[in-house]
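There are two complexes below, and they share subunit A, which is joined by subunit B in the first and by subunit C in the second.
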Partner chain A sequence: MFAAFDWEVIWRTKAYLWQGMLFTFNLTLLAMVGGIILGTLLALMRLSSYRILNVPAGAYVNLLRSIPLILVIFWFYFLVPLAVKAITGSPYAEGIGPFYSALIAFTIFEAAYYCEIIRAGIQSVPRGQVDAAYALGLTYRQAMMRVVLPQAFRNMVPILLTQGVILFQDTSLVYVVGLTDFMGAASKVAQRDGRLVELYLFAAVVYFVLCFAASYYVKYLQARLTPASR
Partner chain B sequence: MIEMKNVSKWYGKFQVLKDCSTRVEKGQVVVVCGPSGSGKSTLIKCVNGLEPFQKGEIVVNGVSVGDPGTDLPRLRSHIGMVFQNFELFPHMKVTDNINLAQVKVLGRSKEEASEKAHSLLERVGLKDQAEKYPGQLSGGQQQRVAIARALAMDPIAMLFDEPTSALDPEMINEVLDVMVELAQEGMTMMVVTHEMGFAKKVAHRVIFMDYGEIVEDATKDEFFGSPRSERAVQFLSKILHH
Partner chain C sequence: MAYNWNWGVFFQDAMFGPGTYLDWMLSGLKWTVVVSLAAWLIAFSVGSVLGVLRTTSFRFLRGVAATYVEIFRNVPLLVQMFIWYFVVPELMPKDVGRWMKTGMPMPEHTSAILCLGFYTASRVAEQVRSGIESISRGQTYAAYAMGLTEVQVYRHVLLPMGYRIIIPPMTSEFLSIFKNSSVALTIGVLELTAQSRQITEFTFQGFEAFTLATVLYIMITMTVILLMRVVEGRFRVPGFIGTGGR
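Right, the complex of A and B next:
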């Protein structure tokens, strides 16, 4: 029965699929870096004893974790340009284009999840370490940058990567704003050539292999890093 | 040097420190002892502002610790502190542990800091361990590194919070020896400890605390000769007779 399938199609369209894969990698990496930076700031805000910092950060996290990612992507694409137009009054205010709006959407969405991971990571550093840093005369900033965050991130590397794997899969949602990632590319070829089974199977195998390999690497890291942190 | 006046502190409704007043003169060694939960560690952590307190005043070298306008990092950089669990930074080598605050806080050059680190490590008997990570050292060695780290800041006083409580018995003396040497050199020290041998050897005064109160504040000879309070007598009989 496999005779009816045309696996050649994948080979023929490999350049297009590869372009989609590059897009996926690109978006995943940028959103991950942005999400971790913003998430770290949010985590520090959430852990602050000042209400003016921890309340907004808490609200941000709870809001974004309560709505579907696809909505956030939509909003950023359609609503933000409108809002900018309304605020600035400029008739020329245009959108920033689908790629940047998707990148921003992913970054702020992922930041909410990274915030919680990083908050837990910071709290995993014993209180005594902070005391010791302060006792030496370090400021809050120095204590965080030199003592707490390096240890927190070492503890967090595995789970941050796991979240990255989830993000990698979620990037396929960019089809809603007309962007073509790996999934989108596979989908388009499938529709055009009427080769749905071949391409969706191929896409599934590629996602599985990449994500499985990443998870395996995370496990390896976990085993290596855990004993090192005393 | 260190002066406490009527210091009180609450955790919620629970009062951990009750109206504590005492002073440590320059060059004096004061040992603070008492049963666990009596507030000794809290008291010593109030001295450099690691623990806030709600009432009273602590003045260190003319600077009020509780004053919101006080530059606490600056004040702390002059007061060394050694913790029960050493609290070396596990992701840094021994030298980097000692250099960090010298460079970041005092603005010393890396070379200057390293030189200081080396001479201090030699002094605490660990010059061969400079390039190791804390996790590769024994507890006693870690605590000596912690003392070196504090001394690198050229402190005007040193606070010790149960420095030997987390150590295996055979390592206690190597740490106490370093502390005795420091005391004999005239360092101002406030030491929370149960090591009465240390107290007898170098302390000028002994403070006994119970239930958040300073029950006894006496010279060493008075304290070990004839404690005035029954609670102190009981405590001493418990820890000295084995």
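Right, the complex of A and C next:
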């Protein structure tokens, strides 16, 4: 049944598709790093005993977790140019492309999810560790940086990576603002050459292989990091 | 910031079609809810079957269910959406394919519901599996020792417990399906996010349109949480808390 299909189209456009894949990797990595940094700050705020810190952080997380990613992408695609105009005072939003709108949207959105993961990770560190750190005279900052967070992150590596795989899949949604990530490249070729079946199946296979391999690696890590006694 | 606020935009007559822009938003809300609920029916039933298959004693069935879950979890929803809408009709036998493209009522909505349903089924399956696996083996052994068959063990012991243990993680899957339904806009379903985008393009009142959409999504989330709290209160097993699998 595949006789009428032209699979060569993928080989002919491989350079363009590869460009798209690089964009996807770029966006995933940057948003992951940004999301983890912002997520850690939010998690520390949520765990703080000061209401002025934990209430806004809780509101942020609950708000972003109740709206779809596409809506967040649209929000920032619309807001970032306005903000740039306000800051630079120029009537045109120059010098900042849609890539940054997308990156900001993903960072802000993923931070809410990373926050919850990191919060759980911090809470999984035994309370005695914190008490011992304070008893040794460490400040809050030292206790966090040298005792709690290193242990928390070590426990969290598998689940942070799993979230990274989800993020990698989610970056395909930049399609909605016309950016050329891997999926954007595939769909542009698909529409130009009228090869929807070939390109979309190819995209599915590529995403599957990458995500399956990554999740397999996460399972291996998890098995290694979990003590045998558990 | 030089932005012209105009909340009255929702009461203006829409660019085309009868009604105001508020009617557009409400129609978007309606489709978000309809698509999500219909997809949830598929997700819950297919996911339950798959989750049970993953824990049965038949190696072959476990393999089939595991393969399904891996495939549907590791391909982005957007790609799956395009495959259901653009690719599936081409791969069907000629007459079926032609019917899907020309005869099928509301092809976008149908494809979106099928896509979202079968995608979420893989996630529901993981929750059902983790619920069943979290029941102590002793209960299963006891059930077999009493002479129950495998079907009876599931029917009377594992499923009644398993479903109740996983109510909290199932709540978050149920919430996800409403958010994920926004991906249907890529194949032309005019749901809530699509309508707010469309209004922004016609009126340039992005703040107003996106704010209303955000508020409506929050209201959906709160409704679901309240509803599930009632369900949980009625069915929860004391002493068991579902954490769910990923």
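The rule is short, and it goes like this: the second predicted complex is superposed on the first by the 213 of 230 C-alpha atoms of A that agree within 3 Å, B and C clash if a C-alpha of one lies under 4 Å from a C-alpha of the other, contacts with A are read in each partner's own complex, and residues count from 1 in each chain.
By definition in this document, contacts are C-beta pairs under 8 Å (C-beta built on N, C-alpha and C of every residue); 3 or more make two chains touch, one makes a residue touch a chain.
All values derive from a computational prediction rather than experimental measurement.
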item	value
Touching partner for A:37 - first (subunit B), second (subunit C), both, neither	neither
Which of subunit B and subunit C A:139 touches, first, second, both or neither	first
Subunit B versus subunit C as contact partner of A:128, first or second or both or neither	first
Of subunit C and subunit B, partner touching more subunit A residues	C
Partner chain in contact with A:176 - subunit B first, subunit C second, else both or neither	second
First, second, both or neither for A:197, with subunit B first and subunit C second	second
On subunit A, positions contacted by subunit B and by subunit C	none
Partner subunit C, residues of subunit A touching it in the complex	1, 63, 66-71, 74-75, 78-79, 82-83, 85-86, 159, 162, 169-170, 172-173, 175-176, 183, 187, 190, 196-197, 200-201, 203-204, 207-208, 211-212, 215
In the complex, subunit B residues that touch subunit A	45, 48, 50, 72-74, 76-81, 83, 85, 87-91, 100-101, 104-106, 134-135, 146, 149-150, 153
Residues of subunit C touching subunit A in the complex	1-3, 70-71, 73-80, 82-83, 86-87, 90-91, 175, 178-183, 185-186, 193, 196-197, 200, 206, 210, 213-214, 217-218, 220-222, 246
Subunit B-touching residues of subunit A, taken from the complex the two chains share	126, 128-129, 131-139, 142, 146-147, 150-151, 154, 228-230
